[in-house]
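Note that the chains take the letters A, B, C and D in the order they are written out, and that residue 1 is the start of every chain.
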Amino acid sequence: MKKYYDAAIIGGGIIGCSIAYYLAKENLKVGLFESGELGGKTTSAAAGMLGAHSECDDMNIFYPFARNSQLEYFKLEKEIRELSKIDISLCKGGIYKLAYTEKEKKEMESLCALPTVDWLDANQVISNESTISPLILGAAYIEDDVSVVPEAVCKGLGISASVLGAELHEYTQVYDIQKQESTYLIKTPAGEVEAQYVVVASGLWSNSFFESMGLSNRIVPVKGECLSVWNRGTVLNHTLFHEHQYIVPRMNGSLVIGATMVENDWNERPSLGGIEKLIVHAKKMMPEIGEMEIGSTWAGLRPQTFDKKPFIGRHPEQEGLLFAAGHFRNGILLAPGTGKMISNLILGKEVNKKWREAFKIERRHEVFA
Amino acid sequence: MKKYYDAAIIGGGIIGCSIAYYLAKENLKVGLFESGELGGKTTSAAAGMLGAHSECDDMNIFYPFARNSQLEYFKLEKEIRELSKIDISLCKGGIYKLAYTEKEKKEMESLCALPTVDWLDANQVISNESTISPLILGAAYIEDDVSVVPEAVCKGLGISASVLGAELHEYTQVYDIQKQESTYLIKTPAGEVEAQYVVVASGLWSNSFFESMGLSNRIVPVKGECLSVWNRGTVLNHTLFHEHQYIVPRMNGSLVIGATMVENDWNERPSLGGIEKLIVHAKKMMPEIGEMEIGSTWAGLRPQTFDKKPFIGRHPEQEGLLFAAGHFRNGILLAPGTGKMISNLILGKEVNKKWREAFKIERRHEVFA
Amino acid sequence: MKKYYDAAIIGGGIIGCSIAYYLAKENLKVGLFESGELGGKTTSAAAGMLGAHSECDDMNIFYPFARNSQLEYFKLEKEIRELSKIDISLCKGGIYKLAYTEKEKKEMESLCALPTVDWLDANQVISNESTISPLILGAAYIEDDVSVVPEAVCKGLGISASVLGAELHEYTQVYDIQKQESTYLIKTPAGEVEAQYVVVASGLWSNSFFESMGLSNRIVPVKGECLSVWNRGTVLNHTLFHEHQYIVPRMNGSLVIGATMVENDWNERPSLGGIEKLIVHAKKMMPEIGEMEIGSTWAGLRPQTFDKKPFIGRHPEQEGLLFAAGHFRNGILLAPGTGKMISNLILGKEVNKKWREAFKIERRHEVFA
Amino acid sequence: MKKYYDAAIIGGGIIGCSIAYYLAKENLKVGLFESGELGGKTTSAAAGMLGAHSECDDMNIFYPFARNSQLEYFKLEKEIRELSKIDISLCKGGIYKLAYTEKEKKEMESLCALPTVDWLDANQVISNESTISPLILGAAYIEDDVSVVPEAVCKGLGISASVLGAELHEYTQVYDIQKQESTYLIKTPAGEVEAQYVVVASGLWSNSFFESMGLSNRIVPVKGECLSVWNRGTVLNHTLFHEHQYIVPRMNGSLVIGATMVENDWNERPSLGGIEKLIVHAKKMMPEIGEMEIGSTWAGLRPQTFDKKPFIGRHPEQEGLLFAAGHFRNGILLAPGTGKMISNLILGKEVNKKWREAFKIERRHEVFA
C-alpha cells in the first residue's frame, strides 16, 4: 500500500515550508517534497527584507496582506526557536528609503502619510547613519520593515513542521501529479505516494504543473544578483533602499547588497556586469562601501507572474489541488500569510475575500485596467 | 517559429556532453539541455578511474566496449585541449588492485592473465609504493587503467562541442518530450524547441522519460560518498584499489578516497557514517593516510540498472528517440564509447552488434541467466 | 610623530578583543594589532561552550573566576548587539554531562552537589533527548553552561570596541616591542606606534614576546579537531558532553562535534584519523548522528600552559607590560573575565587577590604539588 | 642535540620552495620553515604569467635574468610532474599586449623589435580572438610569455624538494635567527634548529629579519586584487594585457582577471571598489566578459623594493646568511632563476656578475639615476 498524506506539498522553499508548518500545526499529516535542499533555490538568494511598506505599490490588496504577514513574523520568531532551535535573525532597525530628488521625495508622499512611516530630512538621516551619501534630500523611515535571514526562516519552518509531525523529503523531485478518484497520486523517482490535498509551491518551477493541470498560467524568472561585504568599521543600523536596490545589515557583521533585475534569465549565477552595477549603486547610497571587503556573490530567480501578484488558491475545477507560487520580490515577507491562507483554505476556515479574488489562479489580465 | 535542432540532448553530464561532442564533430546542429550546470550531478562526484580492467566482471561485453572507450581517451585529451583549452588531467601510473588473502589473489587470476595486466608480489609493490600496507599479499598491476578529472572531461567535451557549433543550455530543465509528425517537441520552462532526434542522457533522472515514453525501464541510485586528503609527504604514484574502494592520486597533490555503496538513497550529501567507513578502509590500504590533512567531502548517486549495464540505444518503436543512461560505476570510462555509439546510431553508421544487443532498452531479466 | 595609544593590544582573538572592549568602555585610547583577521586563529575553531561547571576541575580558583565570566555573558549579549549589531547566538539549553559507568557517575558527585547542577537518571535524560544512547546511566544537567558562537563574540567585542573609539589594525603583525623611557614602541611592518600600556594577547603565539621580555614562560599547542553535521530530523536541545568530547547544537540547525586533543601539533588542519575518532565518539553519545549529513571539518590549536591555567597579569618588573594568554580549553568562557581583570589592573582598580596569584606570570611549578 | 640542516629556508612561497628544490637537487640537507601553508600568501594570489617580455622595462638586467628563468620552466614542468606528480598547468598561447592609441603602440616598438615578439594589427588579432574589443589598434604578440598556476608550481617545487630529501615544516613561523660561532640558530615556537646557511625568503614579511640583521632594507606591499570568471562560450586562447591589467585563461575553463595596484595596503582581502575597477578594465579589453559568470575574488600583497628589483644575495658581512625577497610583480616568473642563483651562491658556483650587482642587498638609491 502506498504512503498516504493528508496534504502533499511540492517545493521546500519558504512558501512550501510555511504551508507545511501551518498545516502541521493543525495536525494534518503532511509530506513535503523538495528536489534539492530546503530553501536551496530562490529563497536562499533573498535579502530577507520584510518590506510591507517599502515594496508596497498598492494599498488596497498588497498592503493589508503583506502587513498581516509581516506582523506574524514577530510571533513566528519565538515559535520557530522553541520548536526547531533555529534563530531566524530578526534584525530590527527598519528601512531608510532614500530620496535624491524632489521627484523621488514626492513619490513617497503617500507612503509617508502612513502612521507607521516618517519622513526624515537629510540632516536627521545622516546624524543617525553618518555613512549615507550627503547627496540625499531625505528618507522615508519605516521602522517596521525589519529583516530576517531567509534560509534560516525556511529551515526553521521546515524543521518546526517536522517536529510537529510533517515528513520532509529532500532530494525528491515530483515529476507528475495524477488525479485519482478521491486522492492524488504524487510521482517521484523514489516512488509514489497518495494525498488528499496537493499544494504546488514550486516557485518558478511550477509551470509544468500548471500545464499538466490544464492551466495557462505561467511564471517567468527575474534574476536578482547580490553580493555581501564585511563591515569592520562604522556600523549600519538601518537598511538603505533606493530604486529597488538596497543595503541590508546582517547580524553577523556583513552587509547584503542587492539586487539587479534581469528579465527572463534562467542562469542562477551572477554575471560580472551585474556585480558592477550593484557596486555602482551601493556607492551611491553609501560612498565608503567601496573600501569594504567583498564577501561572496550570488544570484536567484524571482518567480514573476503577469501582474506581479502571487497565485494563491485552488485549481478552478479541482477541490484538492492548490497552488502557492509566483511571489516575485516578496516571498519572504509573504510566506507566513501565504501559509496561513492555504491552511485556511484546506481546513475550510474563513479567508479574506479580497485576497482570494486578487490571488486566484484563474484571474486574467484586465484589458482596460 | 520554433528553434530547430538536428539533435536535442537532455542532460549535460559526461554522457550528454560526450554525445554532443561526437554529433557536433559530424556537423549536426546540436542543442544540449541541462537542468543545472554541466557535470554538476553524478559526474562531478566521480573519482575518474578509467577501470576497463579493474572494474571488469565480464570479458565478453563489458571489456571490449570499455577498453575501446578507454583507448579513445588518449586521443580525446589532445582534441579537448585544442578546442576548449581545458586540460582533462589524464594521470598516468595505473592501478594496483590489492590482494590481502589467497582467496582475493585467486579471484584475480583471470584478470592477471590479460596481456595488459601483471601480478606483483608484496615486495615489488611496496618497493614501488612504500606507503602501502605490509599486510598485502600482492597486487594486480594495470598500467592502462589511468584516471582523469571527470568534471574537466565533461566541461571539456561540452565546450569543445560548443566550439564546433553545439548550443549548450544550462539551467534549462526539460520537463516533457512530445512526438510530432516528423520531429519532437522539447518543452522547457524557457520555451519549446523542435528536434529530429532526441537523446535522453539524464542519468539517474531519466525515469520520468522512460515512463512518459511507455517504457518500464527504471534506474535506481547507489549513493557513493568520497573525501579527499592533501598529501604533503610521500607521493602516491598509483591508484590503490580494493573491494570497490580506492585511493586515487590527483595531479594537484590531493588523493581522492572513494567510495561507499548505499543503495536507494537519493540524498546527495555524505553522511557521517559513510565518511567513517571510507577512513577505515583507506587506512587498511595505506596506513599513514590517517595522518594526512582532510580536504573536502562529497557524494554522488550512481545510476544503476537492473543488470548494472547501461541502456544505450533506440526506443523500440521510435526511430528518433534514443537513450543513453544508467552507466552506474563506469560512466566516466564509458563516456567516449557511448558518445560514439549514439552518434553512429543516429548517422546510420555501423555499430557492433553485440553491444547493441547488450545495451538495448528493451532487454529483460533473463530468468535462467 | 608616532601614533600614540594609551593601550596597545597584540592579538585580535577573543581575549584581545575582550580586553579592547573593556578598556574602550573606560575611555582609554586603544589600538589593537592582529596578524590576520579578528578571531581567525584558535577562537574561530572553538565550540563555544561556556563550561564553567562542565570543564571545572578546581572549585577554588577556576570555578569562581569562570562562573563570574559566564554570568557576564548575559549582559554582554545585549551590549554587543546594541553597539555592533552583531548577535552572539547565545544558545540556551545547557549541558548534559553523560555517565556510562558507575565510576563516571561517581566522579560527578561533587559537580552534582552544586546548587546549579542536577543529576538526571537515564530515563529522565532520554525522555528529554530521545536520541541519546540508551547505554548511559544518567547525566549531570547543567543549565547554565550555555553556548555562544565564538567568532561572533570576538567580532562583536572588536567592533563594539571600535564603535567606542578603539582602532583595529587587522593584517598587522607586531614583530617587536621595545621599552622606552615612559612608553613602549610597538613595531609592525606597517610602521611603529607608541603606547603607555602593552597587552600581549597573542594566544599560542605569545612565546616570542615572553622570550624577548626575559620570561621563561611557554605556551604549547594542543590541537583540537572538529566537524559539524546538519540536523534535519530530531532537534537536539542540550549540549552532550562526555570525556572532553561534545556535541553542541547551533541555532542555525547544525551540530558541532568536538574535539580531539593532540599535543604539540602545530598543524592547523584536521587529520583523517582525528575525524574518525570524533565520529566514533559522537556515535557513542548519539547513535543516529551517523546518518546525518556532514557539514565542514576544521581544527584549532589550544594554547596550553604548564599548569593549564592562563597567564593573566603584569610582567614582574614592568608596570606597563601585561600578558593575557594561555586560556587552553576555556578561552571563550574566560574572555569577559580576562578582559575585565586586565582593564582593572591597568586602571588600578581592585582585582581579586586569589586570581592575581593563580594567574600571575611568574608562578612556578610546585614541586610537591 | 639540536636538529641540523645544511640550509634552512625561511618562507614557503614560490621563492622559498624554488630555493629548497635547487638545493635539494644538490644533495644539501634542507629544512624549510613556513608560518602557514606552502604558497598560502602572495604566491597563491598571483595570476601566473611568465611575462619575461610583457613585464620588461629594462633589457639590460631584467630581461636576460627573467628570460633565463622563463626558459627553465619548460624543463621544470616535467621534473616536477615526475617527482611530485603535480601538474603545474603550463598554458601555452602567449600574450597579446594590446594598444588602443598610437602612443601605446609606439611605446611597444622596442618590445616588438625583439626576435621573440611580433606586432599584429587589429584585424589579425581579432581574427584570432574574436572577443577582443574592436577599439584596439593592434597588439604585440609574445608567444613565449606563457602562464602557469602559481600554487601548483609552489607545491610542486616543495613536494619535489621533499622527495629529494628536504624537510618541509608548515605552520612553523621563524621568529628569530641568531648567529652562532659557525652556524645559525633558527627559533620557532616548535623549537630550535641549527643550520650552516640561512636563506630569508619571507617575501613581504622579511622586514623584521632585515632589521634584526642590521640592514635598513625594507619591502612594502602593493596590493593586487583579482577575480575569476567561468567562460562557457567562446574560448580565449591568449592572455590579454593592457596597462598592467590582464585576462589570463586557465586550463580549467576559467579566466583570471587582474590586478589592481594599491600601495601600502596590508589588508589581504579585495575591496568592493577594487573589484569594480577590474570589471571596468576587463570589459575594455573583452566587452562580452560582462556577461560571464563570476567565479571567486581574492587579493595578494606584492613585495616591492625601492627600485622594484628583488633582493637576491648575501648579507654584506655574513657569509652564511642570504636573502631572496622582494620579487614584486614577477616572483612567479623569477622563481627558478632565483632558486638557481641562491643555490649557486651557496655552493660557490659561478653567478652572473651583473645580476649579483643588480640584486645585491646593499645597493642604494642612485641619486642621479
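Everything that follows uses one rule, which is that a contact is a pair of C-beta atoms (placed from the backbone, for glycine too) under 8 Å apart; a residue touches a chain by one contact, two chains touch by 3 or more.
By chain, with names taken from UniProt: A, B, C, D = glycine oxidase.
Just so we're clear, the structure is a prediction, and the values are computed from it rather than from any experiment.
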Inquiry  = With contacts counted as defined, which of the two, C-D or B-D, has more C-beta pairs across the interface?
reply    = B-D
Query = From the centre of subunit A, which chain's CA centre is farthest?
reply = D
Task = Measure off the straight-line distance from the CA centroid of subunit B to the CA centroid of subunit C, and report it in whole Å.
result = 48
Task = Let me have the rounded angstrom distance from the C-alpha centre of subunit B over to the C-alpha centre of subunit D, please.
result = 38
Remark   = Within subunit A, the set of residues that touch 2 or more other chains is 170, 267
Task = Would you tell me which residues of subunit A are touching subunit C in their complex?
result = 38, 81, 83-87, 89, 91, 93, 152, 155-156, 159, 162-163, 168, 170, 231-237, 249, 251-253
Key: Complex interface listing, subunit A residues touching subunit B   = 36, 170-173, 175-176, 187, 189-190, 204-205, 207-208, 211, 264, 266-268
Inquiry  = With touch defined as at the start, can you tell me which subunit A residues reach subunit D in the complex?
reply    = 227, 229-230, 267, 269-273, 275-276, 279-280, 282-283, 289-294, 297
